[in-house]
Each structure stands twice: as structure tokens, then as C-alpha cells.
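In this document, chain identifiers A, B, C and D correspond to the written order of the chains, with residue numbering beginning at 1 in each.
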Amino acid sequence: MVGSPVLFIAIPLLAAFLIPLLGFVWKESVRILPGLVLLYLLYLSLTLMEQVVHTGTIVEVIAGWAPPWGINLVFSPLTGLLTTLMILMGFIIWIYSYRFKNIDFQEAVKYFILLLMLITGSVGIVLTGDIFNQFVFIEITSISAYALTAFYKGRDSAEASFKYLMIGSLSSMFLLLAIALIYSQLGTLNMADIAAKAHLMKPEFKILALIFFITGLGIEAEIFPLNGWAPDAYAQAPGPIGAAFSGIVVKAGVYAMIRVMFTLFDVAGTHQFLIVIGIITLIIAEMSAVRQEHLKRMLAYSSIGQMGLVIVAFGIGTEEGVFAALFLMLNHAIIKSLLFLSGSYLVYHSTGKYISEVDGIARNLPITSFLFALGSIAIVGMPPFAGFWSKWSMLTAAAHSNLILIIGLVLSVSLIELVYYFRVLNRIYFFPKKKEVVVKKPTINALLAMGLLGLLILIIGFYPDSVTGYLHAASQSLLDKGKYIHDVLSTGQLLLP
Amino acid sequence: MHEIIQITWGAIVSFILAFTVGITYMGLNRKITARIQNRIGPPWYQNFIDVIKLGSKQTSIHHGVMQHMGPAFIMVTSVMSLLIIPILNQNRFFPNLNFHGDLVFLLYIMVFGPLGMALGAGQTGNPNSAIGVTRGLSQMAGFEIPWVMALVALMIQYKTTSIVDLMNIQVETGKWLMFSSPFAFLAALLAMLGMFRYAPFDIVGAPQELASGPMSENGGKYLFVMMSAGSVFAFAKLTLYVDLFMGGANNLIILVVKTFSLYLFPMLYGIVSPRYRTEQSVRYFWGWPSLFGLLAILHAMFF
Amino acid sequence: MIYILFSILLGGAILTFLANKISGLLRDTFFLLTMLGATLIFYTQLHIGGLVNFSIGSFNLEWGVNSFSWYFSLIVLGLGTLAAFYALSYMKGKENLGFFYFSFLISILSMLGIVMSHDLISFFIFWEMMTWSSYFMVIYSGKNVQKNGINYILFSAFGAYAMLTAIALVYANIHSLSIVEMISNYGQFSPALQTWIPILFLMAFSVKAAMMPLHVWAPGAYSDSPMAYTSVFSGALSKMGIYGMILIFVTMISHLPDDTWFREVFAWLGAITAIMGTLWAIAQDDARKLLAYSSVAQLGYIITGVAIGTDLAMLSALFLAALHALFKGTLFMAVGAVERQTGTVKFSEVTGLIRKMPWTFIASLLAIIALAGIPPLGGFVGKWMLYESLINSNHYILVIAIFFASTSAFLYCYKFLFGFFLGQEEKEWAHVKEAPALMVVPMLLMAGFLVILGTFPGILLKPADTAMQTLGFAPTEGHLWSMSVLFNAWGDQVLLRPLVYAIAGIFLFFLIILTVKGWKNTRYVTTKDISSSGEVPLEHENLTFSVNFYQPFLRAVGPVMKHRMITWYREFGAGMETIFDFTRRIYTGNGQTYAIYVMVFLVIILLLQNTIFG
Amino acid sequence: MINDKNSQKIVDIIRNYARKHSLWILAYGTGCGAIEIPPTMTSRYDAERLGVRGAATPRQADVLLITGYLTTKTLKRVIRVYEQMQDPKYVIGFGSCTINGGMYWDSYNTIKALDRYLPVDVYINGCMPRPESVLAGFAKLQELIQAGKADGAKKYKENLEWYRENQKKVIPTWRMPEYNW
């Protein structure tokens, strides 16, 4: 045992508290500390992941209270995979924003604290085995996300943050309602326990709770029509935070929703519901993205659309479907982060962040533009880059389940996606540059971060086997509900005298 | 070696024959035209005189190597068609190349020369030449359709693409193809109007308007070769029609009679016709002649 | 060996790209060495029938060469190598050369990959690589990228996604991605799948082969990419569509119970493509556009041949495919040479280059003769076989359509030669010189090959025949063709050798007569010395007729050309954009609306809960 | 053998016969005389029976028919056309105007004697000459050709400088390719 899953929560929280204190001693430590923490956690998660895939799920009980009474953390292949992904993204975002707010120390302190909180919250959502605890983590994530959205303190960012806050509070309300409903029915908050006892619930209550869950978590998972807050928040938050939203926060939201739907309840029709709602999200978001004038908003809509695709893949419900969904999530996190990170340099000095302002910028920013192009080509699913394999696994999954219509829809939506990404690419490379646009050269660390992401895209693209093993383990672990229940609850029995 | 000499010899003899007959036809054309216009007209051998005169012109000019080669191109077409088209039934005349090619080859070799000459005409830099060429090519795209339809109808009806076989069929059955495939004959006949470029399809070289079009920069020896080639080609085309539709000919006299009676058709049609504009002539060929061609194909398919 | 071939090309591409930063000479050297190395390895080391396996992403990838793919690799590498030499000189002094050479090599690699793939997944990967590498070329010039580039990538992606769907369906049904297994299991698919899989594949292939309703990207893409690449683009890359089509038609369509209408539809689509491509080519003033439309038309013939699918038709399609690469490669190179030397490609601007660029003219002349299908060049052989096969397989109306297309093709053939090389020589172009040897020699080599093929088509028909035998056709040598004889099914024949010799003999004879007769009194005069009503054109007066060249003909065919496919697509696109804009307004930017959305969502689900979660 | 004197004679006879009976005219309709050409060519008088036939361009023509007065402006074109014709070539001056200026004898911008500018083989007088006289003119030309005396082109070549001098006198903007036969 290298370390315990508890560390994933404890260390960053501790670090978040330490940052301002250490800042008084040595200003640079504010920037270094999160990185160290994340690096360690990355190492930890990788080793744990390796272990989990081979030996089985780790269930960590907090404070000796055995499940179903106490809070427990579950490090299964699924949660481990997502944790690793999130921490990796967090680490890369840290590299990218190492010099963020270089002059303004106070702002930097706030930024890094909030970033750590955001990552911690998201990791917590994924790791926890307790539904109320999950609610708490969702709140942590949300609150740091509100704050980060409004980070620039401008009029627009305040407005975006307020919208986010408003919708987010609705989400909290529904979640709380759902949890209350479950607790009143079953008297337990442990997910495994709920799952084991779900059949005891009255069907109407069960469905009501499910609907509240869907609504509450759907807001975090950006399903249509609950995603109104998202484009504004993505567009107004600082560049790395946009990447963090699409790479970390949304993934946690989708995880939570899928966990509820797959594990907690055994209601019929959830798969079909996921497919329908996913397709609606996908189509509406991609259609909206075409006519966007702001680069980041376009990326935001694209991100929403991709999440719709992920939800469709989950909705297929077979192991292949889940595998495809997880693969999509993985690739989307990497690629969309790259797009956000490089895209924010493309429109760095512009006030409107208009797409038209990237014209001919490739001459000034060759590497950034190249990485943006790589990301664009990858996300529309062109082989031999990462996006292709996930799209391919999605299609085969659909084909196996005889969902031909879905294949058609997904591919026609991909065509739309292709159009707007290539329009931007053409502008970057082949339009004459506008004189008034001032170019900001990326810093070394930003280049390093983006380069890392690009490298990941290439690695996964040329050698998808590097990740498919983990993804298979993860998808099996999601679908094997009985094993999850057994794993968690047996830990409790071991602890009991 | 023996074969080559024989073919060469045959080529020379048939060339002289075709030249003589073709040029006589041209002269007769002028004579008949004159008679119809109530003139006395030139003597029937007038075109011989013209050709000799052109050949005895002392000087000549050219605008470049393509124009210099142009008449040679057109000669290739004339002589090659003459060599591929059997002159008499059962190859009784000189054996030539007619076992070596087929109708499709003939169709294509027939455009070889005009295109080569068109290049020569283009090089002169005279706008009239280029305009004439474009008109000629457009018209060709027009009349080739009924013409090919007729040929395809024959091919499918008699399951061969060889001219010799088609002639043999007529000899064996004793029935001319113009009676057994009347629509094909009609289509081909109407296409022939365009092929001979007499009125109403003479817009290509309209002398009053285009100054004889593609030939406007050619004089002296170039015009001499072109005129000879034209006469030879005319005879070759007429022979082809006779071979395909009128049962061929067993001796030269019959051949001359048949070809001349066939030649009367475009000639007389031309004398009484005004001139079509290019698009009118193209549309004309895609109208009735193509309909006949279509009927010919249907006829060949179902009967 | 395939590994080595591919890694040479891939590594060479990357090295060339990197070397660009160091020095131009190094880059050119790398580029040329890569191309030559690949070609050398291909011809000397690669054995037909060799297979290599490896697995990636839990799929078993399989690459190998058979005679069929060898034939297409021959086209790709032959044309690619010549175009590479040409490119060195053509691209000299242009921007982003590393990028150009990189894309060039990658597209060669991907084309080889396509024909050497024995499994669907690597087929698809290479297919997409081909798409984006050629897309880079389309947008290389930076002109019309938003229009032509997006058109190209959109249509390609449409095709690719159709193919991807088909692949997914196949995979879902047989759990294998091997092309061989797909073919052998084809009979066990459900009837619906049996129809849909070929249709989906053919959609993908007809995009690349620029078949009628899916061709609208081609004119723009062909004319916008650098000519050094367009020769490969139109000559070889479009053949990948033909490659796929042949594969699908032979292995799948022929097993369908009702394959006749399938074949008829495609044959007619090919014929309509040929006709419309020809007509539009006639109307062009831009040489690149003319050739682009002409490529579309030529591919139409090939598609018709493939769709008919008899021995002779397939043979003619294969022969024409190689031939099209030869002559269209030459022509695009010639346009590139003219473009480089004069800076324009408009027929109405440049005239009378024949004495300035004689070698380019000779190469284009030969290529044009082959394109028009006039004996004694190779083009005739392909055309002849196509007609014979159509007549023998009872497609009588179709043969008329094809014949019409190829007769009308004379019009644009003449326009091409006349527009650039003939007509009056102008002072404006007096400074023009012949293109560098590196550009001229590849053209002349290909043109020379066309001449040889006119007499000895067997040189190319033999590998084509071997390729067809791989596909399960009976050997055709001896009863459909021999080295220089062509036969049709009725036993009629064309003996090319005596005919060609006769043509050459007659031509030379009369040429000598023309030259010798009055040799001393024959004079060359300039093109300003013309008989135009006694006028002498001034130096700056250009009397060449080049505007509205075929106006009367176009007036005659006007009704057919009134509607353009591309306007329909554009209107469709505009309609879609309107819908997108409407959709965008769902996100009003108003927080209250979003809150209402949430509540409405909740209410709807609550109301429909029994339907959804029943 | 072809250089043999007797055979050369035979060839000459044939040539002259052909040249005589095949006169392709380029009727340069400069003045009112042009109106007499159509009756000459059509049914009433039918010049075609003499082998006279219209040519479309100077390249194909044998006879340059100058039908009427020549202004200084048209003279330039006529010279150009004449120089573009192929040897052997003949000129027929048509009407009084070409001989001495006719009714334009004191005009400031017509030339009076065509002979000073182009070598005329046959003049046809009259104002206008009737078709009969036109035919007579052709007959005269044929006679000259038969006798080998229609050598205007040779004269022109030999006396080119003199002709050029005269031509340049009346044509202010002389811009023409050199005549280099």
C-alpha cells in the first residue's frame, strides 16, 4: 500500500490552507506548492490505479466508521481512472498557469487555492461512496467554480458567475431533495447500501428521487436544457479554468449522474432516456456552435456537445458503450483542454475574443496554432489521432446494439463539428492577419503544458493500447453493480467485530 | 515485306483513284450548282485546274510548325480512312488495311486530321481561323451523335464492328442495310450533311463572314494538300456509306454510280439551303437525326 | 518490407519538414531521397503476396500487396516520383515548403497505405490521412480556403463517415475487420445490410472519385492546390476512389441478387458525370478549372467501366485509370509550367507560347491527343475497350452518352492547346522562356510513355490483367488483347502496330512533301502578319479569339447547364446555417430563461415519468 | 529530269494553263466599281465558266481586283493585301479611277495612277466598266498569263524601292512588315 485514497482529499485541502500561510514566508511557494501536491497525487493515483486494476477495488473507510454508516472512499478502476485523469489535467493546468497573475500576489493566492479546491472537490465527487458526502463535494466544486468564473471581476464575468450560481443553487436544491427522499425511504446514505436496498423503495419515490437526481446532476453534467450557464461560464472564466471545467468538473458531474443511474437505482428506461437526452444535447449544442462569433463560446458549445456524445455512449449501456463513453471522456478531457489552453493564447489580447481576430495568427504563434490545429483535427475524430479511436469505439458499440440511427446522427453532427473547427483553422492559417491584433507569445510553461497534451493526443492516437486496458477495467467495474456493493459492504463487515 | 509493298502500292492506287473521283465530284458539284442557278458554270474538270494551280504556286507562308504540319495531319485522316474502308466487295480491289481496324477506330481516325489542322489554324493567329475551328468542333459534336447512333445500331444488329463483315452480310443476304435498318440509314444520311459541311452547315468556313475560317491563312502548297485531302476524304466517306448501307460495290463503275448518287443528297440539299447558325445546326442534329438514331437502336434491339 | 516502405515515407516526411528549418537544399535532398528510396524499395524489394500483421488498439492490422494493389501502387509511385522531381523546380521560392513536402509525402504514404491495407481499420486510417494531407494542399495557396477548403473537407468527411458507418456495421456483424473476411462473410449478412454496406462504401469512394452528385468539391480543390500536387491529386488520389469502387463492385455488388439496377445506376451516374464534366470544362476560362472538370469527366468514364464490370469493361477501367494518371498528370504539370513562367492560367490572358515553350507544348499535345482518345496514342485503346465493352454488354444508350462526352471533349482539348500555345504571339509574353528541365523532363517522359502505349498497350494491359485475376476474373490475354492487338467479344480486332506505322508513314510522307516542295520559297511569318482586311495589328493589339470561345455550343447546350449542383448545395448550406442561427438563440444569455428551462425540464420529466421510466 | 529543258517546257505549259484557267480573285471593293462584280459573277455573265472564282483571303487569291478609286487610306490596305498574296499574283485595275483618277482627278485624298503604287497587269477602263468589259479584262489577263507576260509581281520585286518611295509619299504613317521576297 503506497498510500490511501484519503490522501486525495486530505493533502490538497491541507495544501489549500497552507498556501496563504507559506506565501508570507516565500512568495514563490504559492505557485510551487500546488504543483508538488498534484505531482505527488498523480504518482499516487497512477500507482494505485495499477494496483487496483490487478488486485481489485480499494475501499477506504474514514474514521473507522464502517459502511454503511460511515463515510467511505471507493477507489475502483472506474473512480481511479477518473481520479487519475482529473489530477493529470489539474497538474497540466497548473503547469500552464504557473505564471498566472505574475505580479498580483494576492490574486495568485486566490487562484491557486480555488484551483486546488476545484480539483479536490471533483476528485471527491468521484471517490466518495457516500451520497451526502458527494453532495458536499459538489458544493465545494461549485463554489470554487463560481468564484473562478468571476475571477476577472468584470461585468460579464460577474454576470456569468451569477447565472452559474443561480442554476447551481437549483441543482443543490434538487440534489438535497433527492437525498432527503432516499434517506427518508431507506435510512441510509451509503451508495452501495442504497443500491443493495433500492428494491425496497416504493417505485414512485424511487422515480421521483431519480428525477431529482437527474435534474440536479444534469446541471453539472451540462445536459440540455440544463446547461444554459455553461457557455457563459466557459467563456468568461480564465483560459485554464475553461480547460479545468471541461476537463475536470464536467467529468465529475457526468460521473455522478451515471453512478446514480447505473448503480443506485434499477429503473427501467434510463438507458433510453440517456440516449435521447444525449442526442438532443449533442445536436443542439453542435448546431449552436456553428454560428458563434467568440472562440471560447464555440469551444464551450463543442464541449457540451461532446458531453452529449458521452451520455449517448453511456446510454447504449453495453460494456462496449461504457468503454466508448469513458474513452470519449478521456479524450475529450485531453483534447478540449488543449483547445482551451491554446485557444486562450490565440485570443489573448483581444477584448471580444472574436473568432475573426485569429486571422493569420499562425505566423506569429506557430506552435500554439499547430497545437490548436492538432486538437481540432483530433476532436473531430480524424485518424490517426486520439479522437478517432473513441469515436470508433462509440460507433462499434452502437452498431453492436443495432442503433444504426445513432450512428447516422452522430456522424452527421460530426460533419457540423468539422465545419466550424475547420473554419477557425482556415482563418488561423490562411487569412491575412489583422494589424490591430496584438499577439501574446506563450510562456515556456504554457508551451510545456500544451505540448504535453499534444503528446498525449499523439500517443493515444498512435498507440491506443496504452489506455484501453484501464478503460476496459473501468467499464467492467461500472457495470458490475454487485461487485461494487459487495466490495463496499464487505469492507464494513471486516471492520465489524 | 511483301505485304508492306502491296499495301503501299494499294494505297497509292486507291489514293489516285480517290483523288480523281473526289475532285471530279467537287467539280460536278460546282457545275450542277451553276446549272441550278441558271449559269453555265465551270467545266467539270475545273477543280483539277484549281488544284494544279495551287500546286504550282511559287511561294507560300506559314506561321509556325503546327501550321506547316496541319495539311499532313489532314492527309493522314484521308489516307487512313481510305485504307480502312474497303473499296470494293470482298476486297476485290487492292487489299488494304481494312482487316486491321474497325468502325470505332475509323470514327476516331476521322477526327484526327481535322483536329491537327485545327491546331495549325490556331497557330496562324488569325481570329477567323479560331472562330471557324470552334464552330467546326461544335458542329462535329452535333453530327457525331446521330452518326454514332447509326453505327451502334448496325453493330448491335449484326454483332460486328468490322466494316468488312457488314459488307459480307449484305452480299450474303443480298439485302442492302439501308432497307434492313432504315432508321440507321436515315440518321447516318442526315449526319452526312454535317460531315460534308455544305449548306446549311457551312458556317465553319463561311467565306463571306469568316474568310474561309480555318483555311484563311493557308495558300499555295498548303491549300493544295488540303484540297486534295478533302477530295480524297469525300470519296472515302462516300465509299464508307456505300459499303455500310448500299451493299458495297462489285466493280469500280458501280461504286462510282452509287457514291455519286449518294453524293447528290448533301449537294442538292446544300444548293437549296440557307445557312444555319452554329447552335441551330447543333440543335438540328440533336433533333430529328438523333431521334432516327434512337429509333435505329430500338429497332436493332427488338427486331 | 512494407514496414520499411512506410517508415521511409513517414520518416522522410518528418525529416523533410524538420530540415526545412535548417536549409532548403537539405530539405530538397531529403524529399527526393525519400521518394526515390520508396520507389526503389517498391520495385525491387516488394513481393506480391507478402503479408505483415500487427495489432493496435486490440485490432489486428494486416498489410500486404497483391497484384491489384500493386497496379495502383504503380500509378501512385510512378506519378508521385515524377511529380516529386517536378515539384522541386515548381515550388522553388514559394512559402511553407516544409509543409508542402510533408503533405506531399504523407499523401503518397497514405495512398500506398490504402492499397496495401488488408483490414478496414487501417484502410480507414490511411483514407483519412489522405484526406487531410490533401486538404492541406487544397488550402496551401490560401485562396478561397473558406469555400473550396471547407467544401472539400466536408464532402470527404461525409464520405469517410459513410465508410466508417459501414465499417462499424461490418465489425458489429462479423467481429473482424479483415477485408478478406468481410468479403467472404458478405453472403451471410442480412439482405438490408447486403444492400447498405456497399452503398455506404460506394458513397465514400464516389466522393473521392468525384462522381456526379458528390463531385462539387473537385473543381475548386483541383484548381486551388499547387499544380505539382494536383497532378498527383487528380492522377493518383482520385484513383483511390476507383480502387475502392472496383473492390466493392467485384466482391459485393456482383453477389447481390439484383445487382443489375445497381450497376445501371452507377454506370449512368458515371456517364452523366462524364457529360456534365465535359460541358462544364468547355465553359471554363481558367486552365486549372478546365482540367479539373475534365478530370471529373474522365473519372466518369472509369466509373462507368467499373460499374459495367465485364472483363473488357474492367480492363478498360483499369487501363484508363493508369492512362488518366499519365495524361492528366502531364497536363496539370504543363499548366503549372505555364503558370510559373507567365504568372497566369487564364486562356484569355496568355497566348502564343508555342515558340517560347516548345517542349511543354509537345508534352501537352501528346497528352491531349491521348485524352481525346485519338489514335495513335494510348488514349484510344482505353476508349475503344470502353465502347466495345458497353456495346457488348448491351448498354446502347450509355455508349451514345459516353461517345457524346468524348466527342465534346475535343472542344475543350482544342481550347486548352489553343488558349495557351497557339494564337497570336504577344509582346507581353516575349520574355517567357521554357520551364526548367526538371519540370519539362517528367512531362515528356509521361508523354513518351503515352506514345509507346498507343502501339504496345500490352505493357500496361498485362499488369492490369494480372490485377483482375486477383479479383477473380478469368485471364483475358489472348482473347481480349495481346501486346499490340485489341479484340472484342465478337472477334473483331484492331491491330495497332500496322495502323500506327501506317499513320506515322503517311504523316511523314506528306510532311516531307510539304517541307521539300518549294523549300526555298516557303517563308515563316509572324502571327502579326495575318490577313485581316489589310490591317496590320499593332504590337499591343491581340487579335486572338479567346473570350466566349464556345459560345454557340454553350448556347446549344444551355438548358442542361442552367442548373448547377453546387448552387443546390449552397442553398442547402445556407438553409442549415439559418437553422443553426435559430438554434443558437435557444441560449438567450438570460439567467431567468435558463432557470425556466430547468423548471420546464423537471416538469416535463415529472409529467412523462411513467412513459420514460415505465 | 525535271531540270531538263523540254520537260520544263511541258511543265510550264501545264502550269500556265492551270493558272490561266483558275483565277481566284480577291475583289477589293474600294469604290463604286464593286457593284459590277455581282453581275459579273452571277447568272447573267457567269465569270465562273472562265475559272474565275472569288477567294476569301489574300493568301488564297491569285488576282487582286481593285474596283474603283483608291483613297490614301485604302491604299495602305491594298498594298498590304497585295503583299500578302502568294506568287504568282496579278493585279487588275478596274475603272478609270485606277488609271488616271477619273472623276476624282483633282481630289486631295485619292491617288491618281495606281501604277505608281502597285504593278498593274491589266486595266479595265470605263466608269463604270460593264461586266462585258470586266470579262474582256479577264480574258486579256488570261492571254497575258498564257504568254507568260503577266509578270507584275516580278516587276514589283525588282522595283520595290521605287514603289516604296511612291507609297510612302502618300501614306504618312507607314508601318508595315518588310516585303522580303
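Rule of thumb we're sticking to: a residue touches a chain if its C-beta (ideal position, glycine included) is under 8 Å from a C-beta of that chain, and two chains touch if they have at least 3 such contacts.
Just so you know, these numbers come straight off a predicted model, no measurement behind them.
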Inset, instruction - Decide which interface, B-D or C-D, involves more C-beta pairs in contact, and give its chain pair. - result: B-D
Inset, instruction - Give the identifier of the chain nearest to the protein's overall CA centre, each chain being represented by its own CA mean. - result: C
Inset, instruction - Report the inter-chain centroid distance for subunit A and subunit B in whole angstrom, where each centroid is the mean of the CA atoms. - result: 79
Inset, instruction - For subunit A and subunit D, let me know how many angstrom lie between their CA-based centres, rounded off. - result: 97
Inset, instruction - Averaged over CA atoms, how far is the centre of subunit C from the centre of subunit D? Could you give it in whole Å? - result: 58
Inset, instruction - Could you tell me the distance, in whole angstrom, between the mean C-alpha positions of subunit B and subunit D? - result: 35
Legend entry - Junction residues of subunit D - those touching two or more other chains: 57-59, 87, 181
Inset, instruction - At least two other chains touched by the same residue of subunit A: list those residues. - result: none
Inset, instruction - Could you check subunit B for residues that touch two or more other chains and list them? - result: 57-61, 211, 216-217, 220
Legend entry - Complete list of chain pairs which touch one another: A-C, B-C, B-D, C-D
Legend entry - Partner subunit C, residues of subunit D touching it in the complex: 28, 57-59, 76-78, 80-81, 84, 87, 175-177, 180-181
Inset, instruction - Note which residues of subunit B are touching subunit C in the complex, please. - result: 7, 11, 57-66, 68-69, 71-73, 75-76, 79-80, 83, 97, 99-102, 104-105, 108-109, 111-112, 115, 118-119, 122-128, 130-131, 133-135, 137-138, 140-142, 144-145, 148-149, 152-153, 155-156, 159-162, 165, 211, 216-217, 220-222, 225, 277-279, 282-283, 286, 293-294, 297, 300-301
Inset, instruction - Under the touch definition given earlier, write down the residues of subunit B that touch subunit D in their complex. - result: 30, 34, 37-43, 46, 49-50, 52-53, 56-61, 205, 207-208, 210-212, 215-220, 223
Legend entry - subunit C to subunit A touching residues, read off their complex: 55-58, 121, 124-125, 128-129, 131-132, 139, 142, 145-146, 149-150, 153-154, 157-158, 161-162, 164-165, 168-169, 171-173, 577, 579-581, 583-584, 586-587, 589, 591, 593-595, 597-598, 600-602, 605-606, 609, 612-614
Legend entry - subunit D-touching residues of subunit C, taken from the complex the two chains share: 521, 523, 525-526, 528-529, 531, 533-536
